[in-house]
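The structures considered in this document are given below.
The same chain A turns up in both complexes below, where it pairs with chain B and then with chain C.
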Partner chain A sequence: MTTVETQLFQTETEDLISGSEAIAIACALADVDVITAYPIRPYDTVMQYVSKLKADGVFDCDFIVAESEHSQFEIVKHASAVGARTFSGSSGVGWFYAFEAITVTAGLRMPVVAMVGNRALDDPGAFGTEHNDALAVRDLGWMLYWVATAQEALDTALLAWRVAEDPNVLLPMAISCDGSFLTHSQAIVKVPASEQVRKYLPPYDRGKLQLHPDNPITVAPQVNEDWLMEIRRQSDEAMKRSVGVIQEAYQEFKEEFGRGDPSPFIEQYMAEDADIILVGMGTLALPVKVAIRRLREQGTKVGFVRVKFFRPFATEELRQALGHSKAVCVIDRDYSYGSPSFGGVLFHEMKSALYSLETRPLMLNFIAGLGGREVRVRDVNQIVEFGQQAMATGKIEQETTWIGVRE
Partner chain B sequence: MSTVAVEVVYRGIFQKSLARNIVRNIVFAARKDGKIGTAFGRYGDSPERNGIPAKQFAVVADDPEELDEILAQYEPTEVDVTINVDDTMCKGVESWAWYGLQPINQLTKTDGTLIVTSRQDADSLIRDMHQKDSPFGLSIVKSTVSFSGLWVYKDDHTDVRILGNLCSICPQLVSLDSMLETIREQMGSETKVASAQKAYDIAVVRSVEPGEGNPETPYTFELPGWKSMEEGVVIRAIEPGGGFRGGDSGYQPVRSEVFKKYSTRSMRPVINFETCIKCTLCWLQCPDTCFDVTPDGLYDANMESCCGCGVCEAVCPVPDCVTMVGEPDFEDNNSQWEMWQKDKEGYNQWMMALVDKQKAETRSHGFHHVGGYADEIATTEEAS
Partner chain C sequence: MTTVQDLPQVKGVKNIPLEEQFTSGHRTCQGCESALVMRLMIKAAGPRTIVLGSTGCMYVANTTYYSTPWVVPWMHTQLGSSGSAATGTAAGLSSLMRKGKMHQEPINVIAFCGDGGGADMGLSAISAALQHDEYNLLILMYDNESYANTDIQVSGSSPWGANSTFSPPGKVHRIMNKRWKKNTAPMLATGHPDVRYVATACGSYGLDFTNKIRRALTIGGPTFIHSIDPCPKGWDYDPKFSHELGMLAVETGLWVQYEIIDGEVILNGPSRAIARGIRKRKPITDYLTRQGRFAHMNEEDHKFFQERVDESWEKWWIPGIIPFSPKEQ
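Let's turn to the complex of A and B:
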């Protein structure tokens, strides 16, 4: 829709920016058409930077500050239906307030890209990061990704439009950024040239599904039991297809921009020969990697696997990455009250993914860092000790352990 | 292993851009010296709230792995330099999420430096600060409090003067040449480069020895464990029905005993008990229920609860009965009514002098913004 040429981004540059700024810059680079906003911390930092980029004339878009999160997500859903590239986002209970719109966005196959600045759910009011907000869309047809650095936030946003808008996918994607550690910390980030991004990211073309007077269609009529299972099965298939599209898009990203991990779905850190492997998402990677480096110096064979895409879940890759290990310690920055292990959401997914292995590692769950509480290097060491103990005895005394909670 | 950490303690909204400019330029300058750095705000703070103490950090390291160790933490456990851009915070700070009073020099390393922008002298500032059991340096950048905030940026060179001073007192952080070059690039102003150079040239440090400063133990409380905490996210308040300051007569309103947040205050109300007509408006309208009712039916602002918003002054119908006065003129949170009871004439003279002094000043924050942005507003109006 908008075709204003960006004045910045003529060449690749380096800048000192936060994860939120990185996402805002990605919006400018991708020349997003419609952006909606409603303030809630920590997501609001993205809307601050988007409005600044627009005010500075760096890029043009319809930037709509809605009267609530619900309208915010309704607007991008509709904009996406008429062929606009869209971006929105929220945090914590704000994300939840938009839920009716969030479910239909996936149901109608609208490739909205959203940033979730992870925040603890109220009550009590707390800004700190917890993953339960974003995780709530796990069953709805949203692709869901956790980033660990500001660079990854920028890169993943570009990947997100490319994958979401692919005619073989047409599903929304949420990029989860840990509140504070990512949204409010500035690091040196490589900002690509807009020309590179244009090459990588073709315009959004909804084709025959586009709502337009020249293309008369009815979107989302009232249908009942005689239609619904087929519609659900289509979304299921689209999510399955997304796996291949992500692989291809990530490969091209690496070729175009010259950075990236071996896999788009998971990051492996000293895991290949590890007896104990820690698993987690997001910025948890920082203290975990620091701890692992120190433990490795002492000869402890410990590694880390970071789950990047939570949806689609990289079952096969995780089996390969973890199958050789003796103990898997899953660290959840979330909880699922009353769940099978009275543990975290990631833990149950991991257990399910590894169940069909012929020899299964021992599996332990740790609830840590809730509400943004710091996960310290010594907390990680404690988790590794639990893993070592299980490995030595061959059994699990206690499946789920809360780390860093005051008794 | 050599990382150098700097914190900037600032007031939310009013000084947010100032703090951000300082930490960002440190990281950019470090980059020129071949180092790597990060800049971040302390997340538990709420810098989008007027006047609340908040922090930003800059950490510079020799290589990325060293930096990881810092990034893995919520905030540094100690800093080489603390920069305080509002001298009233020398009394200590409670952030939005810090339930307890944190001395301004709490994170300052042994032999580290505290930079304060102030027109007060070193002795007055040290009287406000909590004692530390290790020595540190105090360097004053002579300046009134800069309101270089989120909405209106008062471009008064405070940021570059601090950066120049910083290069002198902490040469291991960044070189002066890199800093001046960064200022030139980021701000595009030779006068700012000159300001930084001058601040560098005149920087002096006064040593603060253990035992110097405020001997009080800063206010703190025990965080409960999950077994002892009340369920349902409940925090007990003061029991109702108590008298003035624990006595039998008067009335103490219910309020939380543990969430004080009085360090948000950079001004406080002083009360003229002689002219008060007992209309109750200050007592009713105070958002923090901070007015204790005295045995004689007057209203005494409890300085453990007051965050200095100025609503009481705004609603009081009697001229000069409630006046907001700059915090540097106070060294304790004692009851004004009790002072008045002990020595009415002495109190009245002291109070009147403060009111007169305030009339000559422009310092203001919170409910009022008297004069704070007058120049900027005039410029904007002229332009439009």
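Let's turn to the complex of A and C:
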């Protein structure tokens, strides 16, 4: 634990903190009302920091150690219904244990913000990062974001409550952080002052949907075939509206805090004139960027696009960012057994997004870094070589390639 | 701990509030005792109450879009989540009031669950809820002794031998449900010694039921009530006998009415009279033969059933409540 607790967020500071600590601090800055914890590595470090902030009197919240992940998410769902700002989180199979609660949270339009410390799904036991845990909510009405740095973790958390609680959205949001690489690695992070955050983040107001004796509504009665389609459609429209709300909230964030990318949805790195563009999510951006910088020095026209928001998926921006390229190499830190290309989840989403382009780049998929295995610069070089080969021959020999696997 | 509402004990049935908080709009069966339990529960609690209902009959049959019977704010929760729903609601209110984000006021929080949601799936979440002394909440488990909403399947709270769609008597196996009913309320009371109020209840005794709800809501901290609810569909009897069957469950000594208040056990009504030897227990056959779910049982089964009930009154440390006792010296 660093010494942030003594500073009380009076002024903006720079602190050496981990991704988990950055999100814990964001909880305090956002004055979250109810937080629920249950231990599982690696996400639970965020809750260790939250509990310390509370114990030291820096942060006033109801911090509840639940008896399971299912209860963790049920508790925040119900706290959200009465108008409390909420935070929870999990990892790997813990996230899956909570799945019933997770799906109804979206169905009920509760703006719960959760951190997923990405972890491989046991068995066999594995603590390392893999994206299949968080990706499982992709069809449920959760907004889903992958961060790459501790700074981005803090900033995205503030953005998350702002967007999730917007009356035009009211959907939960999960912030995915690669286990160990982000949850446990420290970096210098700009921690804003509480006053700045108060200006940026209005109080959560559930309005006519608040469960309270002054507003005696019935929430989630049986609807069956009579009304479910209309309710699904409303959630769909909320997710569509979230795109504009995210853009506006991100723009204001940049104005208030003075940092951020051109787009809230994707990050482009040397991609404008690139023939080969690598696509990926999370912390593998670091080795990818290092490799690209070196390859650029040798004259190879290669770039990188990092998908930040997986839901809502930035289809149009990705078409614009990738449409000019000759080969797109999608790196998946996840896998979808029996999928159309016997490949990763991101790859299939990318193929779907780019299909309607008039000229489509060649598309290759790489499965890498599963279970927390390191994605090294030389792995990235190998991926680029596959891209170059496809570009030279104009065809794809093998759509999906596992990188760094012992055969 | 936030303060509690002023809900005095009701003296005499004529003084039960007239205002209904659970009215028309539900679709429960004729003779549904659980619907009565809902009505009595919220009548006793009053309008400044939030009710959370976990999946089960009292969700599915009770709460249809556009025709809710609930006058008070009501929200569905998942089958195993009555404990978490109560905790989350109470925590949200408590946090918002403490931080000055919501007007300070004692609001009753009641979460209900059936026997499937409470004694089976939701047991761990109820246990967790009962550990949070800082939240005032009540968990009411309405026990109709089966998963009655999904076609009457046996639960951990079903009686031994009961016919259900998962325990039908067959040509080879007459008794398919060989589990004895869980002793849920004492399990929770002994497991959570800081809980100030745990009780059993029965809708056949309306005034007693009303006052138990009020005591649970005013004593402070988390509380638990377990009610026995005769179910015409699941127990297979004429709906007009619901009240009578509830009374028979008590009069045969199969169901024991009591309150555990701040560490003291107080038997109520006929259960107290039985314990004091003022009243004799009726034979269990009187109860079993009134219900289709036991129609396949033979004399030997009745004898076994009676022996188990006798044992709970004659051999248990606290009759009908604590099944073990200190070794005799």
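Quick note on the criterion: the second predicted complex is superposed on the first by the 400 of 407 C-alpha atoms of A that agree within 3 Å, B and C clash if a C-alpha of one lies under 4 Å from a C-alpha of the other, contacts with A are read in each partner's own complex, and residues count from 1 in each chain.
In this section, a residue touches a chain if its C-beta (ideal position, glycine included) is under 8 Å from a C-beta of that chain, and two chains touch if they have at least 3 such contacts.
Everything numeric here is computed off the predicted structure, so don't read it as measured data.
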item	value
Fit or clash between chain C and chain B when superposed on chain A	fit
Which of chain B and chain C A:Ala66 touches, first, second, both or neither	second
Contacts of A:Asp123 with chain B and chain C, given as first, second, both or neither	first
Chain B versus chain C as contact partner of A:His78, first or second or both or neither	second
More chain A residues in contact [chain B versus chain C]	C
Cα-centre angle that chain B and chain C span when viewed from chain A, reported as a multiple of 10 degrees	90
Which of chain B and chain C A:Leu16 touches, first, second, both or neither	first
Chain B versus chain C as contact partner of A:Asp379, first or second or both or neither	neither
Chain B versus chain C as contact partner of A:Glu152, first or second or both or neither	neither
Partner chain in contact with A:Asp166 - chain B first, chain C second, else both or neither	neither
First (chain B), second (chain C), both or neither touched by A:His212	second
Chain C versus chain B - closest C-alpha approach in the superposed model, Å	23
Chain B and chain C contact sites that coincide on chain A, given as residue numbers	none
Complex contacts: residues of chain A adjacent to chain B	16, 18, 41-42, 123-124, 127-128, 179-181, 184-188, 286-287, 289-290, 293, 372, 374, 376-377, 405-407
Residue ranges of chain C touching chain A (in the complex, touch as defined)	47-50, 52, 59-60, 63-66, 68, 70-78, 80-81, 83-85, 87-89, 91-96, 98-99, 101-102, 107, 124-125, 127-128, 132
Chain A - residues contacting chain C, complex	31, 33-34, 60-62, 64, 66-68, 70-71, 74-84, 86, 100-101, 104, 203, 211-213, 215-223, 226-227
Of chain B, residues touching chain A in the complex	24, 27-28, 31, 36, 38-41, 43-44, 46, 48, 65, 68-69, 71-74, 97, 223-227, 233
